[in-house]
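This is the structure, below, for whatever I ask next.
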Amino acid sequence: MKKLINAVENVVREQLEGMASAHADVLKVSYEPTFIYRADAPVANKVALISGGGSGHEPMHGGFVGKGMLDAACPGEVFTSPTPDQMYAAGSAVNSGAGVLYIVKNYTGDVLNFEAAAEMLAGEGVPVQSILIDDDAAVKDSLYTAGRRGVGATVITEKITGAAAEAGYDLLQCADLCRKVNTSSRSIGVALTSCIVPAAGKPTFDLGDGEFEFGIGIHGEPGRRRLPMASVDEITEMMASAILDDGVYTRTVREWDQARGEWVDKELVNAPLRSGDGVIAFVNSMGGTPVSELYAMYRKLSGLLDARGIRIARNLIGPYITSLEMQGASITLVKVDDEILKFWDAPVLTPGLRWGV
Amino acid sequence: MKKLINAVENVVREQLEGMASAHADVLKVSYEPTFIYRADAPVANKVALISGGGSGHEPMHGGFVGKGMLDAACPGEVFTSPTPDQMYAAGSAVNSGAGVLYIVKNYTGDVLNFEAAAEMLAGEGVPVQSILIDDDAAVKDSLYTAGRRGVGATVITEKITGAAAEAGYDLLQCADLCRKVNTSSRSIGVALTSCIVPAAGKPTFDLGDGEFEFGIGIHGEPGRRRLPMASVDEITEMMASAILDDGVYTRTVREWDQARGEWVDKELVNAPLRSGDGVIAFVNSMGGTPVSELYAMYRKLSGLLDARGIRIARNLIGPYITSLEMQGASITLVKVDDEILKFWDAPVLTPGLRWGV
Amino acid sequence: MVTKEQIVRWLERLASVLAENKAYLTDLDSAIGDADHGTNMARGFAKVAEKLVSVADTDIGNILKATGMTLMSSVGGASGPLYGTFFMRGGAVTASREELSVEDLGEMLHAGMQGIQQRGRAIAEDKTMIDAWIPALAAYDTARIAGEDTAAALRRAVAGAEAGMKATIPLQARKGRASYLGERSIGHQDPGATSTYLMLKALLDTLESS
Amino acid sequence: MVTKEQIVRWLERLASVLAENKAYLTDLDSAIGDADHGTNMARGFAKVAEKLVSVADTDIGNILKATGMTLMSSVGGASGPLYGTFFMRGGAVTASREELSVEDLGEMLHAGMQGIQQRGRAIAEDKTMIDAWIPALAAYDTARIAGEDTAAALRRAVAGAEAGMKATIPLQARKGRASYLGERSIGHQDPGATSTYLMLKALLDTLESS
């Protein structure tokens, strides 16, 4: 393992210190418990957006803290979900009174920890909503699994909901929009190499020179299947089909009912993409794949979407939700409407995503 | 070799096609000869900035084409300098009449090809200036070498000179500013792994598990020395000293004399950084190193600069001038003044660098 | 009867048991998870051992709650909030107690397990820690109703947990990270069921060694 | 005397010689450069061979200029503009010629070499292609002044280039990419000097085979 780190125990802490000193105008970092928050938080009358998860996916989530996106992010150890005390403390710190929206990637660890935090925060009288992101089309069902994992759509929902919060959406409106973006999203990822978790010191999995893993999550967890290495056109075609040929996806998720002060089940449905739809096409590097290769993937993807009558309304291409230095890529397609596009185009000023300011 | 590519012969072309379709609002791509140019070029009354070099360093240079930065970029094959016909055609296409400034990284191949292009363009009566970027402090002298290589400062000069051109600087003013930024810059890079050039199919060099290369250029060419792997703090300290303890650097470069219509020798001097100076601190990933590790490097760097009384006025952290998927990083420090800061802060809208718009 | 001192010694013992079994649990987790269950549990209980110094003099309810809170904020992953909830719920039903009868201990364990189920929503045969808790508590209850004492009932519980833990091997996971493996999760013992077994075993060993 | 047809056959032969020596030149370049000199030269002269079809009927000056332009726009790297300049300058001094005397050929080679020197600014012993050109042209001139014919003078030139090429081995590079290696460049033969030798050798072989 060769990495630009000091002792493995201090990796996350030191990286956060670097981030805090690099972006002091945009964000601050609290330690014990650890969370990253907007330098100007709490922002009066604005719903506070908080996300979090294991470290190692940078710029997500800490790099998306700032104007027009997240109010706080809670980083766990590398690839380990953060704990409720972080999420609770972050919620207390950035809540302006307009309430807190937790954006939670659907990994059991993240979900359970955020649930505990939501209960704690709601117990203090803070208005809380919690929305699950579960866009990974590699997972077929939610009956025999913990449901689809939260992957690329996380970046898109954080951007769009962040802009809506900035524009004055209230807590329930923010939650509704966040849920809508999630149920309009599907993703699929591939890995060409494994990454190395610093504390482990060796590759998470072994991938032969001639194979790639199709349908990974964001930690290099096993995907749908391992396949012989193929061309970018072939891989992109497989990825696009996994998204475009995916049927209706229905599942039950748990959301916090503010009025009743308890968790309630909610049925969510993702409709398939259809000819005539417009999408945000997000082509993401898992970290080690250079942006040049993403362009080759985008080239093929745009041809395939064109052939299906699907219009790319916006795109985002680069390393935004990564797995350390893993080589690989993911594609996320988000069906858009005017509301989504408006908030996508709105200004954002974070270390990881910036435009309009 | 595992990469998201099709046939190796088509790598650059297909990536450019993807780029063109992804960023049609910002840029266009011409093939035969190949160059990337601003969608709205030529921009009336504006000096046109053109750079170029081998492919494989993305987002540089093509990703820096757009408002407030480059008017055109000429990509060669991977790690191979482009040819004069590309640079000449790009110059003809984007020249509005205000002239063309070539920004040339000091690699013999780039230099000789750009010189031939400048002569061709000047021969057509187009006002031409050509500025060499040579900021690589890893190269000790210019008497026994081809001089310092052009590395990280390229990104910074393209940004700053691009903003000045946008603000109405004429050709000689742009050239002067570009030269000033270059003579205010020093860089140093390290590689932890080699990259694989698609056409070669195997790593450019072998680096043992326990070693890193100190003082590389941007292709993984041999550096100052190969050392046992060390902590990020130790590596950053070595890198910072290479820049901060570098004495006066004097060399003679060839610039085009528009009036005389010939190349003239110019003596350039980089003064050492001193306590009280303000800098742009650019911490760059060679591609495969995740941004989180750059933050660890930035953390140490900012401490070291602090101790020397050098103030970080601005920073840029991420993969901007890369070597395919190589793991490693570079540090560039650019001494600033009000003019440099003003143009650094000015709006820029390119696929690779964007703010203020 | 379980005294407050025994509860403290149990938690201390558990901290060393989990430190010893760190690699074992992580190996189990690397087969069907993300290779961190041992690290997570060892980290959490090391914190609990530190915390015990300041709460050992209070009552059982408080000690268990402090344990739960500490686990909550130091374990992370799926197991953190699950075991955290277990101890917090266990603490809630043993507030201000200095010792626990065989019934009290049963109530504590049931409250804890219910917390795990509410939080994690796993049911029997999902291949989770629940598959150790269910047979353990069933065995405990049977013994208790038959009039056996705490140590005897716990001995049954540990046997039940061990059987349940082993019975996870042929199961296909339907909850947690392992569920994404589908059929590939078959043939591996669940790490969380294993840490549950170790937890009950440490309690039994504490009672038997005093 | 060198005829226009021989010039064309020379360039065609050179294209195959460079294709054959692609790996050899690239290997030399991988020791002290970036492992592309063979690829660069083979690519460039393949283009020249294509181009020849449309210019073979014009004059020598034009053929050489077209060769130079083609190399310029297809080789890249340091060698592209250097060899491109060589042929363009060579073409400039042979405008509208159908054949070259031993003096004409000497003038052409000198003009070309001067172009390389003006462009690249290398001097003797910088460990570049110049180290093959200088002894080659010195030998050519001596033979020409001594009254030898074109083939004989060229035979001397090729021997001079070969000696110069080999003499680059002990040199430390001071120009081009290899210069960054400092002392580590010692002990390797310069790839550009090698392609220069192959270029002159191909011309000689063309004359001798007709």
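Quick notes on this structure:
We call the chains A, B, C and D, going by the order they appear; numbering starts again at 1 in every chain.
The rule is simple: contacts are C-beta pairs under 8 Å (C-beta built on N, C-alpha and C of every residue); 3 or more make two chains touch, one makes a residue touch a chain.
A quick note: this is a predicted structure, and the numbers were derived from the prediction, not measured.
Leaving out chain B, the touch network of the other chains consists of the groups A, C | D. Steps from chain C to chain D, minimised over paths through touching chains, total 3. Among all pairs of chains, A-B has the largest number of C-beta pairs in contact. Comparing the CA-atom centres of all chains against that of chain C, the greatest distance is found for D. Mean C-alpha positions place chain A and chain B at a centre distance of 32 Å.
Averaged C-alpha coordinates put the centre of chain A at 58 Å from the centre of chain D. If each chain is drawn as a node and touching chains are joined, the picture is a simple open line. A list of each chain pair in contact follows: A-B, A-C, B-D. On the side of chain B, the complex with chain D involves touching residues 33, 76-77, 79-86, 107-109, 112-113, 115-116, 139, 143-146, 149, 199-200, 204, 217, 219, 221-222. Residues of chain B touching chain A in their complex: 2-7, 11, 14-19, 21-22, 55-56, 58-59, 63, 192-193, 209, 212, 229, 231-233, 235, 287-300, 302, 315, 317, 319, 322, 324-325, 327, 329, 351, 354-357. Contact residues of chain D toward chain B in the complex are 34-36, 39-40, 72-78, 80-82, 84-85, 119-120, 172, 174-177, 179-182, 184.
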